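Shared chain: chain A. Partners: chain B in the first complex, chain C in the second.
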Partner chain A sequence: MRAVWAFARMTVRSLLRRRTVWGILIVVLLGLIAIGHVPSFNVQTEGRFVLEFGLFGLEIGALLMALGLAVNLYPRDRESGTILPLVAVPISRGQYLMGRFLGSALVQIVALLVGCVGLMVILILNDLSIPSTLLPGTLLLLVEGLFLLAVVFFFSFWTSPPLNVPLTLALFVLAQMSVREFVGLFPQAPSLMRLLRLLLPHMDVFHVKDPIAHGESVPLLYFLLACLYGLAYTSFMLSVALAVFRERDL
Partner chain B sequence: MSGSCIEVVDLQKHYPTRMGLRRIRAVEGISFSLRNGDILGFLGPNGAGKTTTIKCILGLLRPTSGSVRLWGEPPAAAKVRQRIGFVPENPTYESCFTPLEFLRTFSEMRGLDQGSDFMLGLLGRVGLSGWETTRIDRFSKGMRQRLSLALALQSQPDVLVLDEPTGGLDPLARKEFRDIILEESRRGAAVFLSSHLLSEVEAICDRAVILSQGRKVSEGSMEELLRKKSPYTIRFSLPGSTPVEKRLEGGESELQKEIDSIRRRDGTILAVERTGRSLEEVFLEVTGEER
Partner chain C sequence: MRLPLATVLCVAILSLAASGCGKRIDYDVGEVAPPEHLSGPDEHPHHQHDQHGAESAEQMTGARGHVHTPGVRNHGTMWFFNQPWAARFIWSKILRDSAILVGLAILLLLLSRHVHSRRWS
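For the complex of A and B:
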């Protein structure tokens, strides 16, 4: 584990030098500021509007951050040859993957927390109350972000970055769909589509922006189960990614 | 020390082409071993399969067939990796770090507890004194290679795998690299040295393996290789003529024929000498034959 942490720290440092990461963070923060300044239809719905769009902004931020952090990490390592002295001697392929993932995850978590704090500041500046479910809601977005990061890593081991982006986006969109919407994509084979939907992750479980915006309570058990589901799926994606990576020639 | 630390048996590595319709045969049935404490030169022209073989030895490539064993274990085994130091052909590192930071991180990754004094000493040994806290993106190719050597030596490895370690270095730096390799050999480390610089291999290696077009075309101790097929010079005189000197390129069979011929003509053999050859001549001959 010591090797993984050492490599994760190295990853954090090199990621923080990338303009893409800072660019995405700035865009998300600017988006949140813009949401705070858009006039709502009436005073009653203003808080709901800011919360709903703010959380949506954070979710899109998590997706963009996952892509910005990880889409080029392995391909760049491979192309430049920086992976050779690492994987040849001090660390195994599993440690490489975990170090890169943990490093990216740390940056992703910090970026999302900054976004969440930004949203809170905007709520305060607009004289709106901060709902108690905002932090657990952000936690679910963090888990979703980790899952997306694992997806990007998985695709990066067997596709190029230009293919990785649309594949991740496609998965992101498909994984939000309900069974009915998914079957509607290809109604000629409903059983097959139901099976496929069962295999695809259910990312809709991470979205609690509606109840949060409407001031409804979300049971703690739901948060816990959704987190567990997300982390289990993330572990699964990383395991598959490692299985693919182990077979790759470097 | 006895026994082999690297054992390569009938190694083959084929790559599919981009469309997957054909296969490029990068390495075709290579076998050799590196004994503990030996310095083995690994030679071959560009595209001979040297780097592919090295990558198979380090577990970076999966052999198509054949086997690679390090101390009897597969290359990816953790306990094997701890005993290896590797200098890649064109070392590239994350450029935002300094050599000292790199050594610290690698030390942690290897599970070593090394103090700053040891690391500073190591950087001094490879000629990076005064550059310890300079970012790597300001380093020349030669300086990166020095750093690469420092990282390889950090764990005091039992085997050093060096892929063209002195390419791009000036003559003085090459001499320093050679001295370090010899020091490591005296310490007991085995050295696997892939190099284009034949004079360098000739000067420091105990044995050499020569590849051409993915196949092993020659192997042996440096002495055997330099004597192999080396020409004979025979001086003889025939009745009523002045002494003649003749160079025979065909080895012992040609020499025997020539001696028989001189004797049939009642000639006198004055001297037979075997001319020494350089590794470069041997290399050009064996790789030329293969082409």
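For the complex of A and C:
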């Protein structure tokens, strides 16, 4: 475990040196500022608009950040040849994956928390109240971000970065669909489509921006359940990624 | 070694699909919801408006528009209450899937370790 943490710290340092990460964070914060500056025209529900779009912006930010962080990690290690001495002696392939994932996850978590604080500042500057469920809602977005990160790692072990991005985006879009919408994509084979949908994650489990924006209370049990679901899917994706990685010739 | 495994997976998926196993075990709220969740307390009784006017749960705000009581399930808020956080009856399915995913992750981890060690030994 000590080797994993040491490698994770190295990953954090190398990621923070990249301009991509800072660029995505700045874009997300600029997006939040833009949402806060949309004229309200004295509409009473302006707070809902800012919250809904702000949380949506954070979700898209989590997706972009996952792509920006992980899409190039393994391909770059492979191209530069640094992976060979790493997995030859000091760490195993599992430790390599966990170190890279934990390092990226730490950066992802901090970036999302910065985004959440940015949204709170914008709400305060617009004289709007901060709902008590905003932090648990952001926690679900964090878990969703970790899952997306695991997906990007999985794709990065058997595809090139230019293919990884559209595949992750496609999975993100398909995972937002309900069963009926997904079956409607190819209604000629409903059983097959149902089964495929069953295998895909349900991103709507992480979506609580509507109740947060409308002031509806969400039970604490649901937050815990959704976190458990997200972490379970993340661990599953990581184990699939590791199985693929272990089969690869470097 | 890879081809048979991929073939077995494809056959398994196709046979599961042919058996229609995806029906009612997924999260589609419209499919798995009990009738009381889908109907809800609000039946949108237009005819009652005519009888009771402003005293009903809805208030007329114009020739055609009307306002519902906030936080109540009705024809306009069905999408809102059909989300997982509001549909308690699918929470057990979320828990079930989480347990299956963790089990699969552990199984896959052990299997890939076994194959990997055999490959390099």
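General remarks:
Assume the second predicted complex is superposed on the first by the 247 of 250 C-alpha atoms of A that agree within 3 Å, B and C clash if a C-alpha of one lies under 4 Å from a C-alpha of the other, contacts with A are read in each partner's own complex, and residues count from 1 in each chain.
Please note the rule applied: a contact is a pair of C-beta atoms (placed from the backbone, for glycine too) under 8 Å apart; a residue touches a chain by one contact, two chains touch by 3 or more.
This one's a predicted model, so the numbers in the text were calculated from it and none came from an experiment.
Of the two partner chains, chain C is the only one that A:Arg180 touches; chain B does not reach it. Applying the stated contact rule after C-alpha superposition, one finds that A:Ala3 touches chain B and leaves chain C untouched. By the touch criterion stated above, A:Tyr233 is placed in contact with chain C alone, chain B being left untouched.
Using the contact criterion defined above for the overlaid structures, shared-chain residue A:Leu192 touches chain C, although it does not reach chain B. More residues of chain A lie in touch with C than with the remaining chain of the pair chain B and chain C.
Legend: residue contacts after superposition of the two complexes on their common chain; A:His202 is shown touching chain C, with no touch to chain B.
Overlap of the chain B and chain C contact sets on chain A: residues 93, 247. Of all the residues in chain C, the ones that touch chain A in their complex are 13-14, 16-23, 25-31, 71, 80, 83-86, 91, 94-95, 97-99, 101-102, 104-106, 108-109, 111-113, 115-116.
Only residues 93-94, 178-180, 189, 191-192, 194-195, 197-198, 202, 204-205, 207-208, 210-211, 214, 216, 218-219, 221-222, 225-226, 228-229, 232-233, 235-236, 238-240, 242-243, 246-247 of chain A touch chain C when the two sit together in their complex. Across the complex, chain A meets chain B through its residues 2-3, 5-7, 9-10, 13-14, 17, 80-82, 84-85, 87-93, 95, 247, 249-250.
Against chain A, in their complex, chain B makes its touches with residues 15, 55, 58-62, 76, 78, 81, 84-86, 88, 90-94, 96-97, 105-106, 108-111, 148, 151-152.
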